[in-house]
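Just so it is clear, A, B and C label the chains in written order, and each chain counts residues from 1 on its own.
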Amino acid sequence: MFPKPIETRGSGAVLRYQLILPIALIIWLLPLIAIFLTSIRPGSDINAGNVFGWPSDFLLLENYKAVFTESKAWLYLKNSFRITIPTVIISVALSCLAGYALSVYRFRAALPLFFIFVAGNFVPFQILMVPVRDFSVQTGLYDTITGLVLFHAAFQTGFCTLFMRNFIKALPHELIESARIEGVGEFKIFFYLVLPLVRPAIAALSVLIFTFIWNDFFWATVLIQGDHGLPITAGVRSLNGQFVSQWHLVSAASLLAAVPPVLMFFIMQKHFIAGLTLGASKG
Amino acid sequence: MNTAVQSGDAQQSWYQRNRFAITPWLFLAPAIFFFTLYVIAPIFQSIWISFFEWDGLGEKKWVGMGNYVELMDDDRFYTSLKNNIWWLVLYMLAVPVGLAIALFLNQTVTGIRIYKSLFFFPFVISQVVVGLIFTWFYNPDFGIVGIVWEFFGAKPPAILADENLVTFGIIFAGLWPQIAYCMILYLTGLNNVSPDQIEAARLDNAKGFGMLWHVILPQLRPATFIAVVVTVIGALRSFDMIAIMTGGGPYGSSNVLAYFMFETSLSEYGFRMGYGSAIATVLFLIMLVYISYFLWRMYQDEKGA
Amino acid sequence: MFKPFVRTAAAVLAAAVLSAPASARDLVINYDDLNAAPKEAFETAVEAFKAANPDINVIVNNTDREAHKTAIRNFLSADAPDVTSWYPGNRMAPFVDAGQFEDISDLWESEGWADAMASTMPSMTRDGKQWGVPYTYYQWGIYYRSDIFAENNITPPTTWDELLAASAALKEAGVTPFTIGTKFLWTAAGVFDYLNLRTNGFDVHNDLTAGKIKYTDPRIVQVFENWKQLVEPGYFIENHATMSWQDALAPFINGEAAMYVMGNFAVAPMRDGGLTDDQIDYIPFPTINPDVARAEEAPTDAFFIPANAKNKEDAREFLKFVVQPDVQTEWNKTLGQLPINKNATPGDDKFIQKGFETVSTASALAQFYDRDAPAEMAKAGMEGFQEFMIKPERMMSILERLDKIQERVYK
């Protein structure tokens, strides 16, 4: 283990370390703590310059209620789910199929195809913006959640395929070979043998994609116009236009936007980190 | 068993005989279809559109290299390019800082797991939210910066209104989640560092920075590689923060190519899809350098595997 | 595990694809103001319209103004509402030229609007046809803290020299003369427009926004020289580039700043902020060159029918409704602005009365720099104004850059 475990330096060192940890954490999360404090104080505190001090009044419920009643935060949150969940399902499904094909079968196009998926995943969004928007306008998918979902799913397929392909490649190939020898059909092998094995990968991908899509702002801005389809990220921005100088409400709305991915991360932490670092541990 | 396979052979359908050639394509078809439609084809369409003058409504008008010629003479382009370079350079700080925090947290005291996840928090939060938080932080009148400065009796700077500070202010805000990302990559990497080698090195009296440099870092190379790649891509994709914090202002001084492109082609003050596509193409070419390097590295690994 | 997976996926997709079918009498209206007073005025009018037309199902999409400005471009072609709010003059030109607004000249003709709304008819006209109906406009000018002025024995300025003297006196008293928030740029254009209108007059404003005069023209340079007299002594509040126009209200309300070059819509939030009518007052922007006839900024807001609207018949009903004198009277009373229809009565609020006086006696009405100039030029120009307000020493290089952009935009 590196650095040397702190225990080896005696109990004083451990104590000191455990003292520094929370202090470091508070400094690190200072922005979040500040925004949380802001979200529960009355607006007058901020105008009076009381930003970091003790709130003059605790308005946790009032402020959050105000966000819901005075704005369309609820609709935005709902839209975020309506965008995020189908995207996760489609992109993970597509990439399970593609990743399987690219890892199990040996054919000449496999590697170039794989590289195209990887490369596409890295391109700047702006190079896709004009044609994707134009295509959506022409097909009537513009300004619909369906249109946004289809694009997100297609784009995330790149990353998901990279991930799935590497994951399946690491599975013991003999399993598949022996199933083939037993005469099991290719689709059956995929459904009954491989899919159960890649469950951890599916979980990891799902949390990751959930976070990516939930936090998307650019594509929502490009492909959605009205409140009926705006996700919470874009919604928070328009709330910022509505609650001008009402930082307590903007803060409350921002925190609301952050809650689902944070919860997701906490519940699925193991999968999340596995997902992020799969590439790293494989190199 | 053998006989079963052989008797099957005789009645094998065309699909059965060619199944190893066909099945992968069946599996791949949906992914390829969507990916081509929404990712691959648009890249070429964008490059094509960049040779036209087009407002997104009427007819496209061929201007050849016209958009690029104009770009070469556009101050806003150079401002954006310069800022992009600052982003690329300074965003890289996320890698060593992330490593430092990972080293700090790589202990086994009780409760460390929860600390690790809390340190990772900023990455999970939308950049829109991060941008809003820092906009407020930087407000000289009632933000944290204002309060801290005034505490020391100084006049707070208006970070987001100062052409010389604004980009650094936004990058600093952007570093916060990016450091968290790099940290988690390194934490996992540190988990996989071989204890034997560390022990061996300790016997050789290696410690501290020397140990880190000569023994640990080489083993962390995969993590470093990914950290650098995601940081470069993050730097070139910087859009959300700029849109939220400044909209490219004051007077365009915090613009980057990604936002400049959006502003030119799809905002209140411009619908020049052709010109925007030319900017996007330049951004794409810059990114292509990194993509090629990444693919080349992957190809080396694949050959080795 | 895969089967339920697929089933959920299919169900979710289906749910996403199927949306409620629109009924024949749906009337979709896109509106662009979430601020309290305008929102209320609009919603009240919509309620009245619903009451008068119970068989029309009115669907309202109300968005933030800045967002609406970007959105309209897209929804007109992709998913057109039946009625949308927008602005006349150069702002409506691209959509008219692209055939995205419905020609409603027949209504102007048959309903006698040409007479009732003669003052704004030119700005609603393009290619000899009318494309929408205005429902409100408002005056611009200087809103000032009359209490602070009185405390420091300053009389409201009517000339440029008096304005400079008043500013100096305020500065002396520790009050910043002007508040402004230039984050979204257009506020700086308001100041520029007035300096230009007072220095050179309406024709120069028009020629400049039409691209007929260069920015390095001596007349425009003179405008900036005048502006410098306010910028260099620090008569504008600091950090204005980080603030929106609403943010900039705070120093005005706190008494840290005493004047605000703004439109009348700023009065409502000033009152909401706790200022009473004894504390705020309005003056037209002071005279700079006495030989120039007084022109005013009076931006007009209007409703249009998109060419792709599905329910044009009811949309026309709504437009007719909006023009009615009593509707405009009521609407503008809530809004705190001036009705367009000459048969409507302006409210008895003191700012409305003063604004009505200012606007109705003006020699000409300008829309606004960013409504009169083409969008791209407006953006570059306003960035230039903002830069000038922070770095006045760059004046000439800014103007030369604007010339370069002008040359390309108007080619």
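Operating definition for what follows: contacts are C-beta pairs under 8 Å (C-beta built on N, C-alpha and C of every residue); 3 or more make two chains touch, one makes a residue touch a chain.
Source: prediction; values computed, not measured.
What chains do chain A and chain C have as common neighbours?
In this structure, the chains that contact chain C and also chain A are B.
If you take the mean of the Cα atoms for each chain, which one ends up farthest from chain B?
That would be chain C.
Is the number of contacting C-beta pairs greater for A-B or for B-C?
Of A-B and B-C, more C-beta pairs in contact link A-B.
Using Cα averages as centroids, what's the distance between chain B and chain C in whole Å?
Chain B and chain C have C-alpha centres separated by 39 Å.
Could you please state the distance in Å, as a whole number, between where the Cα atoms of chain A are centred and where those of chain B are centred?
Computed value for the inter-centroid distance: 14 Å.
Give me the residue numbers in chain C that touch at least two other chains, ranges are fine.
Within chain C, the residues that touch at least two other chains are 66, 77, 250.
Touching at least two other chains at once: which residues of chain B meet that condition?
Only 56, 266 qualify.
On chain A, where are the residues touching two or more other chains?
If we look for residues of chain A contacting two or more partner chains, we find 47, 133.
Write out the stretch or stretches of chain A touching chain B in their complex.
1-7, 14, 17-18, 21, 24-25, 28-32, 34-35, 38, 46-47, 49, 51-52, 94-95, 97-98, 100-102, 104-105, 107, 110-111, 113, 115-120, 122-135, 150-151, 153-155, 157-158, 161, 183, 186-187, 190, 211, 214-215, 217-218, 221-222, 233-234, 236-237, 240, 247, 250-251, 254-255, 257-258, 261-262, 264-266, 269, 273, 276-277, 279-283
Under the definition above, what is the set of chain C residues touching chain A in their complex?
For chain C paired with chain A, touching residues are 1-2, 5-6, 8-9, 12-13, 15-17, 19, 30, 34, 61, 63-67, 71, 74-75, 77-79, 244, 246-247, 249-250.
Spell out the residues on chain B that touch chain A in their complex, using ranges where they run on.
Interface residues on chain B, with respect to chain A: 4-5, 8, 19-21, 23-25, 27-28, 30-32, 34-35, 37-43, 45-47, 49, 56, 101, 103-104, 106-109, 112, 115, 117-122, 124-130, 132-134, 136-137, 142-144, 147, 176, 181, 184-185, 188-190, 192-193, 195, 198, 207, 211-212, 215-216, 221-223, 225-227, 233, 236-237, 239-240, 243-244, 257-258, 261-262, 265-266, 273, 276-277, 279-281, 283-284, 287, 290-291, 294-295, 298-299, 301-302.
Which chain A residues qualify as touching chain C in the complex?
Chain A reaches chain C through residues 47, 82, 85-86, 89-90, 93, 133, 136-137, 140, 142-146, 149, 191, 195-196, 199, 225-228, 238, 241-242, 244-245.
Residues of chain C touching chain B in their complex?
66, 69-70, 73, 77, 94, 98, 100, 182-185, 238-242, 250, 375-376, 378-379, 383-384, 386-387, 390, 401, 408
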